[in-house]
Structure formats: structure tokens, C-alpha cells
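Chain naming follows the written order as A, B, C and D, and within any one chain the residues start at number 1.
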Amino acid sequence: MIRRLEPADRQAWLHLWHGYLHFYRGVVTAEVTEATFDRLCSGRDGLLGLVAVPDGRGPVGFAHLVFHPSTWSQDPYCYLEDLYVDPTDRGTGTARQLVEAVYAEADRRGASRTYWETQEFNSPARSLYDVVAHRTSFIIYERA
Amino acid sequence: MIRRLEPADRQAWLHLWHGYLHFYRGVVTAEVTEATFDRLCSGRDGLLGLVAVPDGRGPVGFAHLVFHPSTWSQDPYCYLEDLYVDPTDRGTGTARQLVEAVYAEADRRGASRTYWETQEFNSPARSLYDVVAHRTSFIIYERA
Amino acid sequence: MIRRLEPADRQAWLHLWHGYLHFYRGVVTAEVTEATFDRLCSGRDGLLGLVAVPDGRGPVGFAHLVFHPSTWSQDPYCYLEDLYVDPTDRGTGTARQLVEAVYAEADRRGASRTYWETQEFNSPARSLYDVVAHRTSFIIYERA
Amino acid sequence: MIRRLEPADRQAWLHLWHGYLHFYRGVVTAEVTEATFDRLCSGRDGLLGLVAVPDGRGPVGFAHLVFHPSTWSQDPYCYLEDLYVDPTDRGTGTARQLVEAVYAEADRRGASRTYWETQEFNSPARSLYDVVAHRTSFIIYERA
């Protein structure tokens, strides 16, 4: 089952978040982590957290959305900023269910574009994305 | 000179905007175009418009920014959604000046990331971007 | 700890070098291997060897540098030709420490560019490189 | 005809060099430019300059080589760092002749690898390179 992230998920979410950051070798301060959790639960700032919760268990994966404005539309864009499933729960369709829940949420809010970034060499992720979405020709440039 | 987009720029901006949309074969209704122009001028919704204005002339290029929240930071991300220079004014350093003005604006607002998308085959754009920024390993997936 | 490669490291280095060559299915004669080891230890020909040496153990990884001239600068370029960590020591931050030691050495010699090649499909390597460096738009062509 | 760069080529070479730098939006000081010209003419530091000289005319293109050591070989590597043909002389086989002269020079010096970098989106260059060489799977990472 996929449902909204809730304050009671804090411990399980922290475990997943740290696994996710470790994957990207990302460094996020404890302060930012706490603020992000709050914003994902409350839906503040256009953020929204979804978690995958198998029967009788706690969250094993998450999807974090950012709804933001665009110049091409009066409807928001839905940016799937973070998607993660605990390594021990992979191969069970959890990531796909999360993406489908993202689409449902994007529809509910009338988003005119739903998109995400992935490293071009991330084969496991892309093998799923090629089925539930399509690769565009866009690459990302970033200020040095 | 680069300055903020203003209501008096409407005619010149419309000309550029249509040239830009034509490049991407984009379709945007007149209603959305009007709303976008208003939001870019007013700075509403985190949008911001910058225009390149050579001495004694009207706008010949624009940069449209969207400042939006992120789960990785409490500071906003600066997304350069649109960048365009009129074909007759290319090769004069205008695009580069616009990007530098974007960086200055991102600094002013404390953005923790400044980024944009480009088609991987857009050689003229990338030859500039490779100098003022760096290509990441990220590609974009989009819901079909 | 990262330190310069020394003649006493010969056995450990040979083990790593053969593991590295095996990864690339590379064939290097014993004669070239001996000459390379000598040049890396002595610093001859602009070569320099660095090794990662965990407390109380022998080398578990290496970085081989080639400082060479360029037409774009009077300062040398620092080419990281080989980087390798023994499979049993991966995931411990050793590769990252080696890259940071490479940067320190490049600074010491006033190198104006520090760069390396990697196969575009080498996901584990690129996931590190994306954090400590940036991918350029350059690809390599080679005489057949 | 392709021949070695000579001190008397200075004016023609400067014109080509600036066109080349302009293409890459590169900034090289006058001091470095003078030193590079001297090194290319003299062959100092492993550098070598070749120029394309059509009958009865001055240089219309150049190839700059850097012969440098490698850990994989006792023979030098031949790095084609710069290749340029004046825009008004393109389409006449000049670039191809320069590459062939590079190969001859690499053979003369016993180079065990001859290679160069190019931006992946540089279509005109790659259409030639695909004929006279082969694209490898290697991409370049660079210290930020």
C-alpha cells in the first residue's frame, strides 16, 4: 500500500533517507533532514511525501514530490525529486507502485508535467523508468 | 545591459517568446502567455524574468527563472527554465551575460543549486554551457 | 593513509596492478610492468604513484599520475591514468581519498587541469566521480 | 601539403589559433600563446606543430601534438590536443590530411596510442573522426 508520509514514520523514514543519501554520497545536515521531514509530512512549500507500506510492516520506500510553478503552464509541474526503496525490498514492484501513486497525486493536483532526473548510468532504475515513463533528450547542466 | 522584465517590455517580449516557442515547437495558449508575462514581471510564484537590453534598443533576449523548494536544502533551487536570444543578436555574448545575471540573482536569493535542461544535441547552446557551467550525468524522464 | 609508492611496495602493487589490468582485459608485458613500477616510484618522466595504506596493512589501492605539457598552458596537466582499489576494500572511501590526494599533488605542482577517462558505462566509478569532479562533454577518439 | 610549423608561420598561425580559441570560447594569455608557438616550432616538451599549406598559400589549418609518457607502455602516447582548419578552407580534405600526417608522425616516434578528445555534440568533427579513427567508450571527468 502507498500512503502519505506521517509524523509517526519518522524512524523508518530516517533509515530510508540515510540509505538514499548514502547511495548518492550526499551530505545533508541533521537540521535540513528534520525540516525536510516536516515539510514532506505537512505538505508545506509544495512538498509531499509518499511511502510504500507492505501489509503489517513499516515504510520500505518513499517518493518525494515537489510541485512547483512553470512558465509554460498555469498548472504546477510535479517534480519527483527522490525515489527510494530499501535494498532488501527491491524486485517486488514497490518502486513501480510508488511511481503510479505519484501519477495519481499529480492528476489530483492537475500537474501539467511529471518528471524526474536520473544518472544516465543507473541501469536498474532506468529499466523501470523505461516502462512507466519515457526518456527525454534533455540533460542537466549545473552551475559549477 | 541585463535588467528585470517590465510591463513596458510586453511587445518585445512577446516577439522573443514566440521565437523561443517556435524553436521548441511548443504550443502555449495566449491565456497562459499573458499569465506568464504577468508572473515574470511581478515575481509572483517564484518566477523572475530578466532581459538583455543593448544600448538604445529594446529586449533582444530573456532568461526566465523559477525559484522552487527542494528536499535537499532549506534554500531554494534556481531553475533556469527558459533562455533565448533573438537569432539576429547571437554571437555577441548576450546569452553569456544572461547566464551571469542568473547567477547573480541566484546568489542574491541564496539558491543552493542553479541548473537547467538542454537537449543533448543542441550544439550551439552546449558550446556555451560547457564554458559557464558543467554538464551533469543526469538525464530527464517524463511521464508519457 | 595515502602516501607515495615505494620500492618495498612491489609485491602488493603487482597484485593490484594485475587486478586492475584484468578489469580492463589489458595486456601489459612483464618488462613494461617493471619499467612502470620503477618510473612511478622514482617520479621519472612525469609519472607519480600514490598508494592507499590502511593502518597496519600494505597498499590496497593506487593512483597513477602523469604530468604532461599542454598547448593551453605553461603549467602541466595532471592526468590520472590509473585508479584502482582492491575489490575487498571497496565501499570504505579509499577511492575518494586517493582522488583527494591526487588533487593535493596536482596543487603542489601547479597543474592547471586535472582529469581522467572512464568508460561511460562504469556506474560504480561514475557514482563517485560525479561527487568529486564533473563529467565534461568530451569523448575520446582513438586511431584504429 | 602538410609540414612542420616554422617561426615564419607566426602571423598565419596566430590568426588560426585565435579562430580556434574563439570556437571553444577559450581564454589564453598572449604570454602563453607566444610560449606555445615557440614550443610547437622547436618541439620542446614533447610538443609538435603541423600545418596544412595549400600550393602557393600560407597555413590554413594546424594540428598540435603532445607526446607524453604512459603507465601502460614504454613508448609515448600521441595526444592530438588541437586540430583546426580555417572555416573558409573546410570541405577540402584538409582536416583529414592533417590527421594522416599526425599518424605518420606518431609512427615515426613509435607512439603506442594516438588519441584526442572532442565534444560529443560536435557533429561536423565527428563525421570525419568516425572515418579516420574510432570512437571509444571513454568520457572525460575533470576536477571542478
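Note that in this section a contact is a pair of C-beta atoms (placed from the backbone, for glycine too) under 8 Å apart; a residue touches a chain by one contact, two chains touch by 3 or more.
Since the structure is predicted, the reported quantities are computational estimates derived from the model, not experimental observations.
Fewest steps needed to get from chain B to chain D, stepping only to touching chains, is 1. Copies chain A and chain B of the same chain sequence form an interface built mainly from equivalent positions, shared numbers / all numbers used being over half.
Seen from the Cα centre of chain D, the chain whose own Cα centre is farthest off is A.
If you average the Cα atoms of chain A and of chain C, the two centres end up 36 Å apart. As a whole-number value, the distance joining the C-alpha centres of chain A and chain B reads 26 Å.
With centres set at the average Cα position, the gap from chain B to chain C is 40 Å. A straight line joining the Cα centres of chain A and chain D is 47 Å long. Shared interface positions of chain C, defined as residues touching 2 or more other chains, are 120-121, 126, 130, 134-137.
Taken chain by chain, the contacts fit none of the simple shapes, being neither an open path, a ring, a star, nor a full set of pairwise contacts. The complete set of chain-chain contacts reads A-B, A-C, B-C, B-D, C-D. Against chain B, the residues of chain C that register as touching in their complex are 126, 130, 134-137.
By the touch criterion given at the top, residues 26, 28, 31-32, 35-36, 39-40, 45-47, 64, 66, 68-74, 79, 81-82, 103, 106, 113-121, 126, 129, 132-144 of chain D touch chain C in their complex.
In the complex of the two chains, the chain A residues touching chain C come out as 23-25, 119-123, 144.
The part of chain B that touches chain D in the complex is made up of residues 120-123, 126-128, 130-131, 134.
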